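Chain IDs A, B and C follow the sequence of writing; residue 1 opens each chain.
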Amino acid sequence: MNAKTLEELAAYVGGSVRGDAAVPIHSVSTLESAKEGEITFLANRKYKKLCLTTKASAIIAAEELESPASLLITEDPYYAFAQIMDLFYGKPDLPESCISPKSAIAQSAQIGENTCIGDFVSVEENTRIGRGSRIYPGVSVGKNVQIGENCVLFPNVVVYENCRIGNRVRIHANTTVGQDGFGYATHRGIHHKIVHIGRVIIEDDAELGAGCAIERGALDDTVIGKGCKIGDHVVIGHGTRIGPHCLLVPQVGIAGSVVMGHHCVAGGQVGIAGHLKIGSGVMIGAQSGVGDDIPDGTKIFGSPAFEALRAKRAYSLIKSLPDMWKSLRKMEKKLAETADAEEHGTARR
Amino acid sequence: MNAKTLEELAAYVGGSVRGDAAVPIHSVSTLESAKEGEITFLANRKYKKLCLTTKASAIIAAEELESPASLLITEDPYYAFAQIMDLFYGKPDLPESCISPKSAIAQSAQIGENTCIGDFVSVEENTRIGRGSRIYPGVSVGKNVQIGENCVLFPNVVVYENCRIGNRVRIHANTTVGQDGFGYATHRGIHHKIVHIGRVIIEDDAELGAGCAIERGALDDTVIGKGCKIGDHVVIGHGTRIGPHCLLVPQVGIAGSVVMGHHCVAGGQVGIAGHLKIGSGVMIGAQSGVGDDIPDGTKIFGSPAFEALRAKRAYSLIKSLPDMWKSLRKMEKKLAETADAEEHGTARR
Amino acid sequence: MNAKTLEELAAYVGGSVRGDAAVPIHSVSTLESAKEGEITFLANRKYKKLCLTTKASAIIAAEELESPASLLITEDPYYAFAQIMDLFYGKPDLPESCISPKSAIAQSAQIGENTCIGDFVSVEENTRIGRGSRIYPGVSVGKNVQIGENCVLFPNVVVYENCRIGNRVRIHANTTVGQDGFGYATHRGIHHKIVHIGRVIIEDDAELGAGCAIERGALDDTVIGKGCKIGDHVVIGHGTRIGPHCLLVPQVGIAGSVVMGHHCVAGGQVGIAGHLKIGSGVMIGAQSGVGDDIPDGTKIFGSPAFEALRAKRAYSLIKSLPDMWKSLRKMEKKLAETADAEEHGTARR
């Protein structure tokens, strides 16, 4: 890694320097672990006091603060940190261009310039992979697939036939794109398979974690919108359309034919039932179970899920159910005694 | 795709035609997207009015209805649609027969006629794969495995040694069959592995989604019954026996030594604890947590799960807990005031 | 399998014999299925009466009991059973040593003695794999990885660059180790990737199930402690540190930057939010959702999770919510009537 001066980094992210602009920075770290020559960041005020003792040479921060380190002041420190991480470490670890002789590429497949195909990769007939893409070992790409430019498919990813993958898409290891959806016509106790002819379309700049499973549509396509970031082990049902820039945290499951807007966030292990309409900007708390349409901009929580503030209060009261139960029984008894006393004229008074 | 006349399709599914029996049909679609030359279906009356405006040339329906399209009348339209999808599109996309020179097949393995083995497939000693099966690239099949006829194993499926797979079984990409179960003997704080010598047996006509994990038994076999359809990311524990024709929706987890009857349905993300007996025809709502034996024909819901109708009412009342809490506190206060008043003879009256 | 006498087995596990010490044992089974020549065990008194009718030649038990079978008496029968299973069946099914000519091993990679590399395994530059390890077909190991001695990586496991795996670690099929964590800096509606430079460190004697996904850290390492046993489909977030000897049951999800102590147990489908501190010896019931730090030795349950005994009582009361609701409404009505009656001087008495 070549070192950069703090001034160079400030220029790169569009920020300004307080302190030693010439200090050389060669790496990144946390406030707690940073050593000389490293830059770190303060995005959460909770950690402000760590700035007093950090050994880092520089801190990216939104405002001036007390620290032995020099400062790189910028509006959005975490974003600046992401940019600097990318500057230092964002290079792919595959060579610039190579087609492994141990791969199996169909004659009719088209591989773009500067694209790297690893060992034991199989690419079927009529498939196109754009320039600058990196296909790691063991990936299997079916027939008639289109993969755009500068994509990365990590080892053992599987893409079924006819799927469409945009530009700069990253798909982590062991993820499956385009398997048949869970669709059967049950006739006299036998479940008959619905053949699936829809595709999966993954738009530009999306990233999928490891071990995901994205079902192809039965008739319509399944769509993962532009810029979506999807965690490990997320399952998306057939014909579901996820709008742009959504964040789906690991282990989320979305059933089929759901339409989700843009900029939604679903927390870990969330489940969404089929055929629902989820608006834009919807935030869904971890482990929630969603069974109804959700309007734009709503925050929801719980299983079953409803408006988050009320839901947090309501679910936290489950803890008090034994007390409520006791209290109810006590009052019932009291009321019964009173009634009884009144009936028989034996009230205390 | 060769076109068929509506009359030919009606004969194929055992239905009758209203309208133009000679209209050529070359594809399938939804009521909304269908174009001339396409057939669609009406299985849910909710969408009946779309029949008035559909551009489809034919609709499969259970009864006569108003539409510009011709009708294919049959008792179970969704099943007929499944049959026609299969007729048009049900062909495998691997060639009829080929053994890739880039596969690795042990000398003692037996591969049936018309079976296709893709690139980078590894088949270990003494394994048999029946005729007409299609093994996609990157699949790994261990020693002494038996796979029946007309099976499809999609890319990167792994089958561990000794497992048994019936006929016409389909297993989607990145699914694992036969890994050791989660079994350890904890002795003085150290977890000692239980060696697993049971097998996984997958019976005829079962289908497994992508990224599933089916544990082999420790001593007894794990069994997936005939005709079961299992969604993506389902995990089945060691020694569990799933009866025939069950539907397990994506992300279901069933612990070890469970015995499940036939024709059960488990919704998305359901969890079932170990050693339980689940009857036949049991329906388990999404995200339920099952901790008790369940008798035949029961519908259950919730975590913890109980009878579904009561459970839906009960879980929906969590929303009202803050109101119940307030109401309780109010009554307690009132009763306390009354008691106090009576005590001191200061009751209003 | 060569038979052993019961006496030999007793000596092997440090127990003593009641009955025929010379009886030959060639296999293991359950109390119900065992046949002559087989040994079984009684670890749960619930099954004691099966000992009266078992066809096994020997039973491992903690104390004398009535049975036609001979007995192997030892303090911890299940542990003894695990040892005997291992004695009979614990051998790996790969040959002692081989490097498949169909693998792809970088020139700078170092492979230890007696290590077996299967077909279509890819090992990148500067990676070291210790002696006696078994790497099954289709495994992909990135650059600069270190894997210790006597490890087993089952088919299609993926290990990303720079990760560290200790000795005697077992990783089941289709598991991913070291993919990027779910970390993005959202700036003006666009999610910018945080480049991940931390590693995954898996310590000695850990076992990971099939289809797991262990994220590398962004800056700090993700750590799976010594002797941890992790079920299928477990997802561990970036920078999380799991202490030694924890048991994580299938489908558990742990978000990033969690610190968990030693000897914890998390039941199936448990979710743990990010940045939490989970003490040692913590037991978390199945499907729980953990949103707070948990002190040492605590048992918790529920979503949201709290102390297990109270939680079991509280969650079981959800069933009674409809009754509580009715009871509340009834009392409110009664109190309102009483108040009304008193107001108007029309009380019964």
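Just a few scattered comments:
Keep this in mind: contacts are C-beta pairs under 8 Å (C-beta built on N, C-alpha and C of every residue); 3 or more make two chains touch, one makes a residue touch a chain.
Computed from a prediction, not measured in an experiment: that's the story for all the values here.
Of all residue numbers that take part in the contact between chain A and chain B, under half occur on both sides, making this a different-residue interface. On superposing C-alpha atoms, the copy chain B sits rotated by 120° relative to chain C, to the nearest 5.
In terms of their C-alpha centroids, the spacing between chain A and chain B amounts to 25 Å.
Touching two or more other chains at once are residues 120, 138, 156, 174, 211, 233, 251, 269, 303, 315, 318, 320-321, 324, 328, 331, 335 of chain A. Put simply, chain B touches chain A in their complex at residues 28-30, 33, 76, 78-79, 81-83, 85-86, 88-90, 93, 100, 102, 118-120, 136-138, 154-156, 170, 172-174, 207, 209-211, 227, 229, 231-233, 245, 247, 249-251, 263, 268-269, 286-287, 303, 315-316, 318-322, 324-325, 328, 331-332, 335, 342, 345. Residues of chain B touching chain C in their complex: 104, 120, 122, 138, 140, 142-143, 156, 158, 160-161, 174-176, 179-180, 182, 184-187, 189-195, 197, 211-213, 215, 218-220, 233, 235, 237, 251, 253, 255, 269, 271, 273, 289, 291, 302-304, 306, 310-311, 313-315, 317-318, 320-321, 324, 327-328, 331, 334-335, 348-349.
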